[in-house]
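Take a look at these structures.
Same chain, two partners: subunit A is paired with subunit B first, then with subunit C.
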Partner chain A sequence: MSVKGEKAWVVPAAIVAVIVIAISVYGAYTFYVDSAAGRPWRWGTWFWSLGRSFWLAVGGIFWILGTIFFFMELGGYTFKGLKLIRQRIKWDSIDIAIAALCAAVYGGGLTVTGGLTIIPGFTWIRPANMLSPIFGMLFGIPGAIGTAVGNFIADSLAGYLGIGSIGGFVGNFLLAYIPYKFMKDHSMRSARAWFDYYLWAVLIGSVWCAIYISWWLDVLHPVIGLPYEFIWGFFCPFVVVNNAIVTAIVGGVLAYILYPIVKQWGLYWADRIEFEE
Partner chain B sequence: MAQMTILLGLGVIMIVAGVALLYGLKRRVGAALMLMGGGWIFTMLLYGFLKWKGLYGVNPAEAGYIHNIIALILIIVGLVGGIYWIKKAKG
Partner chain C sequence: MSAEAYGLYLPKDTIIHRLDPRAKILWFIVVLASSIAFSDPRYSIWIYASLIIVGLVARLTPKRFLLVFANSAIFIAACMVFWPRRPQLQVGPVIFELPILHWKYTEIGLLYALGKAILIVNPITAMLIIFSTTFPRDFVQGIMRLGLPYKAGYILMIALRFLPVTVRETKEIIEAQMSRGLEIERGNIIKRIRNYIPIFVPLLVRMVKETVQLGMSMESRCFGAKKQRTFLHELRFTTIDYIWSAGCLLAFAVVLFIRFYLKMGYVAVAW
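Up next, the complex of A and B:
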């Protein structure tokens, strides 16, 4: 990108970063204040005020698209712009090792800080949440698959394993997949990269993942039995904030540090994948 | 229990499909399916172990932080094993 073109992205990147960080910090702050005061979380109330029909319709779109992306990528197809093309992921021992490494680090990372409670019975510090977009950005589909498996392992350790975990599996795949697929530059060494990071990895990734899982929990209500108000009025906004806050504050810097190391090792996804136009 | 049976069944299906794709149809994506299936079965074993020990769903502080210790071991084994495997594969 030209110096002039690069400069044009500095202001939008700064604006989107400030907005996204402010939203996630404000969300966490209101959660803390409202929970401490014993009143309903205002974000949850706002989410629920949009109505179940709204979330069912919007969530359905997110869910169908997300599921198509998951199976399409696994089936060896992807899109470039609006064109559907074939891709060749090697799935050799290196790709398998990358996916297994991501699964172990993400699954273990989500659970290892369990017990460092912020609000008893509600949440704890989960710094590993920031790893999912990084794994996607650096390792592509093997990283996204590792993230999905890692979340499944964490569900078991945290005591949340159930049929709802299938939604968490694909939801966390998307959390890694969205920045991998939609960011133009994963090096984090340009203003455009930071703009894309805050837009796709933090904002859209977190929201998509939360809505995907929530919709799955909603349609499985007869089996799982979670109240609709809890799903859309607490769980969904909570997952957005929980994913977004560490990703917004620390994730970008970590991606900046890790990119040259991964690239030097020849593990960056773009150096290992082939596309058939 | 029925939910766990479904999850276990899905894990087994993924492994069987992965083996069929990788060794039968010579499709490399089978390795990815086997990895996912393996991850599922590992998770179910972890669940079974915690349930058997009466630690499943128990607050970490009450369980002596056993979940945290398992998670830490998982990170170390995953990192060391993954890096060793990658280095070995790269020669």
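Up next, the complex of A and C:
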């Protein structure tokens, strides 16, 4: 990209970064203030006020698209622009090792770092969530699969593994997949990369993951049994804020630091994947 | 440190531990399906009771039972807060009203909420028991024999194998950084999240190196050279597994009989 073109992205990148960080910090702040005051969380109230029908419709679109992406990628297909093409991931020992170690680090990280306590007795933000977009951006599909498996492991260690975890599996896959697929530059060494990061990895990724899991919990209500008000009025905004705040504040910096290391060791996804036009 | 040290697996010699993972997965499916069939908690509570009995037979530790009950309490609380307040469940006489919030609870509201809570709790408790009584390697082999592709199963197996290593490394890095003056729990929320950068950077750099080493060692052992896989410890479906599976299916038949022939075990709500 030319210097002029690069400069054109500086202001949009700064604006989107400030907006996304402000939204996620405000979400965390309102959660803290409302919980301390013993009243319902205002974000939850606002989400729920949009109605279940709204969320079923919107969530359905997110869910169908997300599921198509998931199975399409696993089936060896992807899209470039608007064109569906075949991709060849080798799934050799290196890809298997990447997926497994991403899963171990993500699952272990979620377990060890637990949650940042912002209200005593109530653990909340999961710092290891910041790893999911990084795994997708740097390792591609094996990294996204690793993130999904890591979430499965963390669920099992917490004793929460159930039918709902299937939604969590694909939802976490998407959290890593969206920045991998939609960001143009994963090196984080251009203003455009930072703009894309805040847009796709933080904002859209977090929202997509939360809505995907919530919609799954909603439609499988006869099997899972969670109240709709809990799903859309607490769980969904909670997951959005949880994912967004940690990825917004440090995820980009981590990707910036790690990109040259991953590239140097030959593990960057673009160096390992082949596309058949 | 062994792989099970950080997982849920509790190595013991009980009949539940000796069962084939596939028999336990069948049991999980029966627990889930039975819990769905019974929406009345006066019926589904017996499924929960059976899970506790299985847990006692498997000699789960008090700490593990505490985890079961703590998880159950969280879901029961969430269901009791949200479900009974739905307008469709506000029919019939009010049993009690919360003093400050003025939330009214009817009999049908309470029954429905408890039924839903048990529906959530039963499968996750069953899964907790499965993970507590099944060696991770055997669990992975079990699901691979049920059709999971070998490479997918292998990813899960290596991840579980490396989990304690990762946990140990993360703890070591946290301690090392804290000894250099890092205070993870200090500052506002932004500062506290930023404090994780010096923890995750060395962890991920180690991970990258381990990935290359692991990949090379797998390559040197000709990973993926043959389609047909063999296992050092082959799972066998023994007589006890057949008896257990038959028992599960029989119990499910009884559930179906009660629910659909006798038409009992559900809470009728007009949505």
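As a working rule, the second predicted complex is superposed on the first by the 268 of 277 C-alpha atoms of A that agree within 3 Å, B and C clash if a C-alpha of one lies under 4 Å from a C-alpha of the other, contacts with A are read in each partner's own complex, and residues count from 1 in each chain.
The rule we apply is simple: a contact is a pair of C-beta atoms (placed from the backbone, for glycine too) under 8 Å apart; a residue touches a chain by one contact, two chains touch by 3 or more.
These numbers were taken from a predicted model, which means no experiment stands behind them.
With the C-alpha superposition on subunit A as described, subunit C and subunit B clash in the combined arrangement. When the two structures are aligned on the shared chain, A:I261 is found in touch with subunit C, with no touch to subunit B. Look at A:G75: by the touch rule set out above, it reaches subunit B but stays clear of subunit C.
Within the superposed three-chain model, A:I249 lies in touch with subunit C and out of touch with subunit B [touch as defined at top]. More residues of subunit A are touched by C (comparison of subunit B with subunit C). Of the two partner chains, both subunit B and subunit C are touched by A:I94.
Of the two partner chains, subunit B is the only one touched by A:I166; subunit C is not.
In the superposition on chain A, the residues of subunit A touched by subunit B in one structure and by subunit C in the other are 91-94, 96-101, 103-105, 107-109, 111-113, 145, 149, 152-153, 156-157, 159, 161-163, 223, 265-267. Interface of subunit B with subunit A (complex): residues 3-4, 6-7, 10, 28-33, 35-36, 39-40, 42-44, 46-47, 50, 56-61, 65, 67-68, 70-75, 77-79, 81-83, 85-86, 89-90. Contacts from subunit A toward subunit C in the complex involve residues 25, 28, 91-94, 96-105, 107-109, 111-113, 116-118, 125, 127-128, 130-131, 134, 145-146, 149-150, 152-153, 156-157, 159-163, 222-230, 245-246, 249-250, 253-254, 257-258, 261-262, 265-267.
If you check the complex, the residues on subunit C that touch subunit A are 6-8, 32, 36, 67-68, 71, 78-79, 81-83, 85-86, 115-117, 119-120, 123-124, 127-128, 131, 151, 154-163, 165-167, 170-171, 174, 185, 189-190, 192-194, 196-197, 199-201, 203-205, 207-212, 214-216, 218-219, 223-224. Against subunit B, the residues of subunit A that register as touching in their complex are 74-76, 89-101, 103-105, 107-115, 141-142, 145, 148-149, 152-159, 161-163, 165-166, 223, 265-267.
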